[in-house]
Each structure stands twice: as C-alpha cells, then as structure tokens.
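Heads up, the next two complexes both have subunit A, just with different partners, subunit B and then subunit C.
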Partner chain A sequence: MEIPFTHRQSAHCETGTTSNLLNHYGVPVSEAMVFGIGAGLFFGYLPFIKLNNLPLTTFRSATGAIFKRTTRELAIKVETQRFRDPEKAMVALDSKLDQGIPVGIQTGAYWLPYFPPAFRFHFNMHNSIVIAKRDDEYLISDPVFPEPVLCSAHHLKLARFAKGTLAPKGKMYVFREVPQHVDLMQPIKKGIKVLTNAMLKNPVPLLGVRGIRYLAGQLEKWPRKFGKDQALLYLGQVVRMQEEIGTGGAGFRFIFAAFLQEAASTLEDNRFQAYSERMTQIGDHWREFAVVAARNCKGRAGENDSYAVMARILIECADQEELLYQDLANSI
Partner chain B sequence: MDSLEKELLNMVIEVCKITDPVPADFSPDQTLIGPESPLGIDSLDAVEIVFTVQKRYDVRIDSEETSRQVLASLKTLADFVRSHM
Partner chain C sequence: MRKQDVPQDIGIAEGLKEVCYAVDDTGRYVLVPSAGWEPKNVTNHQAWQLIEEQQRDVATQVLEGRQSPIAYYMTKNLMDVGLLAQYVGFFRWRVRRHLKPRVFRKLAPAVLEKYAKVFGITVEQLTDQRQIGNNVP
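Presenting the complex of A and B:
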C-alpha cells in the first residue's frame, strides 16, 4: 500500500520528520514552529565529552527532545517500539504500512545508500518516515532530501540496526491519536519558557548563555594552553559543529528567528517580529565568529582574526542572546 | 560560464585564497564543495563563501539543507544569488 503522504524538504531530520508527520494528520505546523515548540535551540560546551578526541560543543537540544516535547505539548499520542530482532522489526514496519500508517524510524545515516558518499557519516539518530513498500524496496520520506527516496530492505535493516553510540535498535514510531483541533498559543509560550530557562537559568556553567561565555574564556587561552596546532584542532571542532557546510549554530538561530516570526502572527503580538529580527542578527554574528575561526583553521587569518577577536564575538553573542531571552521571558 | 558564474568563481578563488590554477576543463556544473571539488574546497571554505555571498549580494543562505543545495556547484550558487537579488 502506498500512503498518500506530502513530502516536504527541511533543514534538519528531526524537525522535518515531526513537521511532516503532523501535517499528514492535519496539524499544519512548519519545521520552524516544531523547532520553537520543541525548544530546539540551546548551547552547551562540554569539554569532558569528546568527539574524535576533541571537546563537544552543541548548538541545539538533545536529539529526540524536540519530537518528544512537540508531540507532548500538542497532545499527540505516540506509539514507539524498539526491537532486538531485525526480522521482527521489519515485519512490524510492514504491518503498519499495510494499515496505511506512515512510520517514523530512527536509523544510522551511514548505512542509507541514498546519502551521497560525502555526507555519509556515523550518526545513529537520523529520522525519516517510511511511506510505502514496493517489492523489496521501501519508499522513504527523508526530510533532508528534495524528494522521497527508495531504499532496499537489506540496507534499511542495516540502518535500523546500526551499531555504536545511540544505536537505534530498530526504533519506529507512529501517531496513535491526534486531537481534531490544535491550539498553538500555549505550546508556543511553553516552548519559549523552556528555552529561556535553559539558556538563562541553567545551573551548569557550561550550558546556556553562561556556557557561551565560558567557551569564550577557554578559547582565548587555547593557544597558550595547548599550543598552536592543538588549539586549531579545538577551534576546527567548534566551527565544524557550528557551521558544517555553512550553517549549524547560526542556522539554528535562523530557524528560531523564523519560529518567532510565526509566533508573532499566532500570538498577535508584534514584539515577536522584532525579536525575530534580533535573533537573525545574532545568527549573523555567530556566522562572523565561524568565518574568523575558519580562516584560522585554513591558515589564512589576518590581523583582525585573532583568538581575542573570536572570544570578543562570542561574548557579544552571549550578551545579545541574554537580552533577547530576557525580553522573550517577559513577553509570555 | 555566464558573467555571474565567472564573478562568483573569482570571489571563491579570492576568499578561499586558492593559489592553484583553475583546471582548464572546470565547469560550473561540477561539485563545488567536498572531496570531489576540482577547486579543493572544503566545508570550512564553505563558511567563508556563505558569509561573503551574504555581504556582497545581500543574500542569506540560512539553512543547512539550503546551503548544501546552493553550494552543490557554481551554477546552483549563481542561480540562488540571481533568484534572491
């Protein structure tokens, strides 16, 4: 059975999958709205968690949290299953498809053959929606691709049971119950409240606005502390996590700005339009940091591209974000 | 290659400080970023390209997927700039 499913491309898999599933069930919310209601924006500098032996910096909330918060706030009942046996996992998937139910799946992106080789990396939290089975292939609405894609049952099974960190264990999820009418006003306010608390009142100094300032202080010391080469590796890690292929951290700020623009309309409050513009400017400032960092990593830094300059830009980003979150917290 | 594609190619060479000559058979349809890039451009260079395009043409490339598509080739970049100017 082929489910009549409208595929929309999106910037990120979790927000795109959530938005596409909601739209399928008649809840017209954009990717940006999901990102906002799910309180997707965040900052954390976690030097004790290493990725490729380098400290982890994150610009968004934990993977999976956006889907969880959004569905909870919109009162969607979700049925989630994990499996030990790959065969049983595929049978369960087929059974849902036979019933005409689109199925969200978590997979290891590395094993999905439709990803171009340059973008195939070991990320076990890739979300997409299976919408049909055609002989031995599945039709998948993968939100980071422009059109639905085909994937063999063999490769899909490998991807659903990828090994390693955050292994998906065949995870699949479907919407069991969706309210007939969804009012976005309270979920929007709740999403903003969760975000502003996480960014302003986080007790851990490595997280939120304080975390941005902490990173600024650390980053300025890296060349003295670790030497030039190691400092560049640390810097490269931050900028790659922020701006891989030109977006990332700033990109998340831009998505949140789009959410605030939509919130202005839903809440009928023009202040949110101005907040949206401020968030876009903050995203641009993060991008300035990334450019200076990238110049250093590529060995083409000029006089104005020092570690002190990068630290100053980060402090400015923290200051601007702090003011904006305070205004947002006072407006809901 | 049209005039905007040439202009963008020169911008890429300038901001990414590419010193090797552009291959004689370079085509605007070829991959711009990544291991298959004939110009040897990587994701860190992409940051500089996105930033410079915004500054020079007042065009913001603002989501991960958009940037992947826009920076797929010199032609897609030129098309994007043209359609947003």
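Presenting the complex of A and C:
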C-alpha cells in the first residue's frame, strides 16, 4: 500500500523529517520553523571527542533533541520503538505501513546505497520516513534527496542496525495523536529562549558563544602546536562540519535566519525581520571563514589568509552572534 | 546569502542537488538547489585523500605479511577495531588478535564467515591476497 505522502526536500534530515511528518498530518510547519522551535542552532568545540582522529566541532544541538522538543512543544503524541531483533523490526515496520502510517526511522548512512559514495560515513543519526513497500524494496522519503528513493530490504535492515556511536537499534517512530490546531507563538518564544540560554549562559566554556572564541584561540595555535599538515586537517574538519550535508549552508545559520523571518510574521513583530537579516550577515561571515580555510587546505593561501585572519573572522562571528542573542533574549 | 549567489560547484555530491536557504530579490528566504560548494569539495576531498592514503598503507602492510586481510577490509570500510568488534560481536582484543597474519591463518571458517558478512564479501575473497594486490596503485 502506498501512503499519499508529500515529499519536500530539506536542508537537514531531522528537521525535514519532522516537518514532512507534521505536514502529512495537516500541521503546516516549515523546516525552518521546526529548527527554531526545536532550538536546533548551537555551537560547540569538543577537542576531546575525535571523529576520524580530528576534534569535533558542532554547529547544531544534539541529534534527536530537535525532534523531541518540537513534538513536545506542539503536543504531539509520538510512539517510538527500538528493537533487538532485526527481523522483528522489519515486521513492525511493514505492519505500520500496511495500516497506512508513514514511519520515521533512524539509520546509519554508511549502509544506504542511494547515498553518493563520498557521503557514506559511519554516521548513525540519519532520519528519513518510510512511505511504502514494493516487493522487496522500500520507498523512502529521505529529506536530503529531491525525490523519494528506493532502498532494498537488505540494505535498509543493515542501516537500521548499524553499530557504533549512537547506534539506531532499529529505532522507528510514528505520530499517534496530532492536535487539530497548533499555536506557534509560545513554542517559538520557548525555542528562542532555550537557544539564547545555550549560547550565552552555557557553563561549559567550549560551548555557545564562548566556544566560538575558544576555537578561535586554539585555531591560531594549531600550526605551531601540531605542525602545518596536521593543522590543515584540523581546519578542514571545521569546514566540513560547518558545510556538511544538511546544514543549509554556513553551519545552520541561514536556516535559523529563515526561522527568524517566519517568526516575524507569526509574532507580528518586525524586529525579528531585522534579526533575521543580521543572522544572514553572520552566516555570510562564517562562509568567508570557510573560503579562507579551504584556500589554505588547497595550498593556495595568500598573504591575507593566515590563521590569525581566520581566528579574527571567528571572533567577529562570536561578537555579532552574542549581540544578536542578547537582543533576541530581550525581545521575547 | 542571496539566491543568485548559491554556489553550483559540482564536486563530491556527484549530481545530487542539496537545498540551501538563501534570500531572494524581495528579501524572502527561499530554498534553492545547490550542486555543491568549492570549500566543501576541497575539504571533503582532503578527508578522502587521507582515507585513501591509510588504505594504501594498510594494503602494503598486508601484502608484506605484517597485517592480516581483516585489517585491509576494516580500513576499506572506514572502521576501527572498536566498530568492527561491535559488528562481528567479538571483544576488541580478539579482533586485534585477528589482525595478526599468524592468527588469521588459523581462524575457523565460522569466524571468517562473520567477518566476510560484515564486509559484504565472500570468505574466498577475504582470504585471497590477490584481491588486495589489485587495489594497491
């Protein structure tokens, strides 16, 4: 049975999945709105957590948190299941599909054959929605792709039971109850409050605005501390996290600016349009950092592309973000 | 970022168009398809080069008899000992032992089968060193 499901391509998998599911149940909430309500924006530089032996930088909040917060704020009842037995997990998926219910799943990107090879890393928090089963294949609304994609049962099973950090353990989720009418006003304000607290008042100096400054300070020392080659690898890692698949560009800053613009009309408050424009400029500045960093990685760095220059761009981003979050906190 | 500035630098995405948030002429945010961006292509290329380098190193070590083929396929699948151990369901120290050619040669077929299944190959392929030789440039 095929579920009449409207697939919309999104910048980011978790927000896209959430938004597409909400729209399926008649709640018109955009991806950017989900990102804002879910307080998706963040910054953290965690040198002691290594990805491929390189320190982790994150531009978004912990995976799963956006979905959780959004569904909670919108009073949606979600049924979540995890499994030990892959066979049982597949049977459970089929039975939901038979009932005409679209099923959200968490998968490991490495095992998804429809991913371009360059994106197939062992990343276990990829979200998508299964909308149909055709013989031995599943039709999946994967928000990162322009159209729904097909995936064999074999590969889907592998992906649902990928191992490693944050293993999905066959996790699947469906909406059980969705309210007829949702008011976005309070959820928007709450999302902004959570975000500004996380960015401004974070007790850990590696997180929030302070984290950006910390990264700036560390980054300047990389060439001396680790040598030129290793420093370039560190630098490349920051840019990859910032511009990875599903960031909407500039480490999620643009998608957040889109949210602020929507918030302006929902809250009927023009100040938020101005905030949105400021966020766009901050995003553009982050992109300048990526351009300079990539020139270094390619060995084409000019005189104005030093580590000191990159550190200065980061400090400027931190300063501008800090002011913006303060204004946001005072406006809600 | 303005709509007309959304980068279209074809690279690692191989034809997949992602969507980006950008501002149109009237100042509204819209979703715009993007074929890729040069800094993103450069830094991802950098990561893959590093991985390929590791794969070549391990392949050479396997061919020189310093590591078992499991080490090669582990690297090829972007795994480390911890992750591979979880996939085959052994303790890490056991997997680490299996990376030694001397231990590998005496492995039971059932154990080899487990590794082969995770790597998506046959036991014959796993034990055939020529498969690796073909992959070293």
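The rule is short, and it goes like this: the second predicted complex is superposed on the first by the 325 of 332 C-alpha atoms of A that agree within 3 Å, B and C clash if a C-alpha of one lies under 4 Å from a C-alpha of the other, contacts with A are read in each partner's own complex, and residues count from 1 in each chain.
Everything below uses one rule, namely that a contact is a pair of C-beta atoms (placed from the backbone, for glycine too) under 8 Å apart; a residue touches a chain by one contact, two chains touch by 3 or more.
In this text, all values refer to a predicted model and were calculated from it rather than measured experimentally.
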Subject >> Fit or clash - subunit C, subunit B, common subunit A >> reply: clash
**OP:** Pick one for A:V291: touches subunit B only (first), subunit C only (second), both, or neither.
**Re:** both
Subject >> Comparing the two partners subunit B and subunit C, which touches a greater set of residues in subunit A >> reply: C
**OP:** Identify the partner contact of A:G283: answer first if only subunit B is touched, second if only subunit C is, both if each is, neither if none is.
**Re:** both
Original post:
Which of the two partners, first being subunit B and second being subunit C, lies in contact with A:R176: first, second, both, or neither?
Top reply: neither
**OP:** Would you check which partner chain A:K228 touches, where first means subunit B only, second means subunit C only, and both and neither mean what they say?
**Re:** neither
**OP:** Quick one: classify A:R240 as touching subunit B (first), subunit C (second), both or neither.
**Re:** both
Original post:
Between subunit B (first) and subunit C (second), which, if any, makes contact with A:A11: first, second, both or neither?
Top reply: both
**OP:** Applying the touch criterion given at the start, work out whether A:G251 contacts subunit B, subunit C, both or neither, answering first, second, both or neither.
**Re:** first
Original post:
Which parts of subunit A are in contact with subunit B and also with subunit C?
Top reply: 9-11, 118-119, 144, 146, 236, 239-240, 243, 245-246, 248, 250, 254-255, 280, 283-284, 287, 290-291, 294, 297-298
Subject >> Residues of subunit A defined as touching subunit B within the complex >> reply: 9-12, 118-119, 144, 146, 236, 239-240, 243-248, 250-251, 254-255, 280, 283-284, 287-288, 290-291, 294-295, 297-298, 300
Subject >> subunit A-touching residues of subunit B, taken from the complex the two chains share >> reply: 16-17, 33-36, 43-51, 54, 60-69, 71
Subject >> For the subunit C and subunit A complex, residues of the former touching the latter >> reply: 1, 12-23, 27-29, 31, 33-34, 37-40, 42-44, 46-48, 50-51, 77-79, 82-83, 86-87
Original post:
In the complex of these two chains, what residues of subunit A are touching subunit C?
Top reply: 9-11, 32, 52, 110, 116-119, 121-122, 144-146, 163-164, 167, 232-233, 236-237, 239-240, 243, 245-246, 248-250, 254-255, 257-258, 261-262, 276-277, 280, 283-284, 287, 290-291, 293-294, 297-298
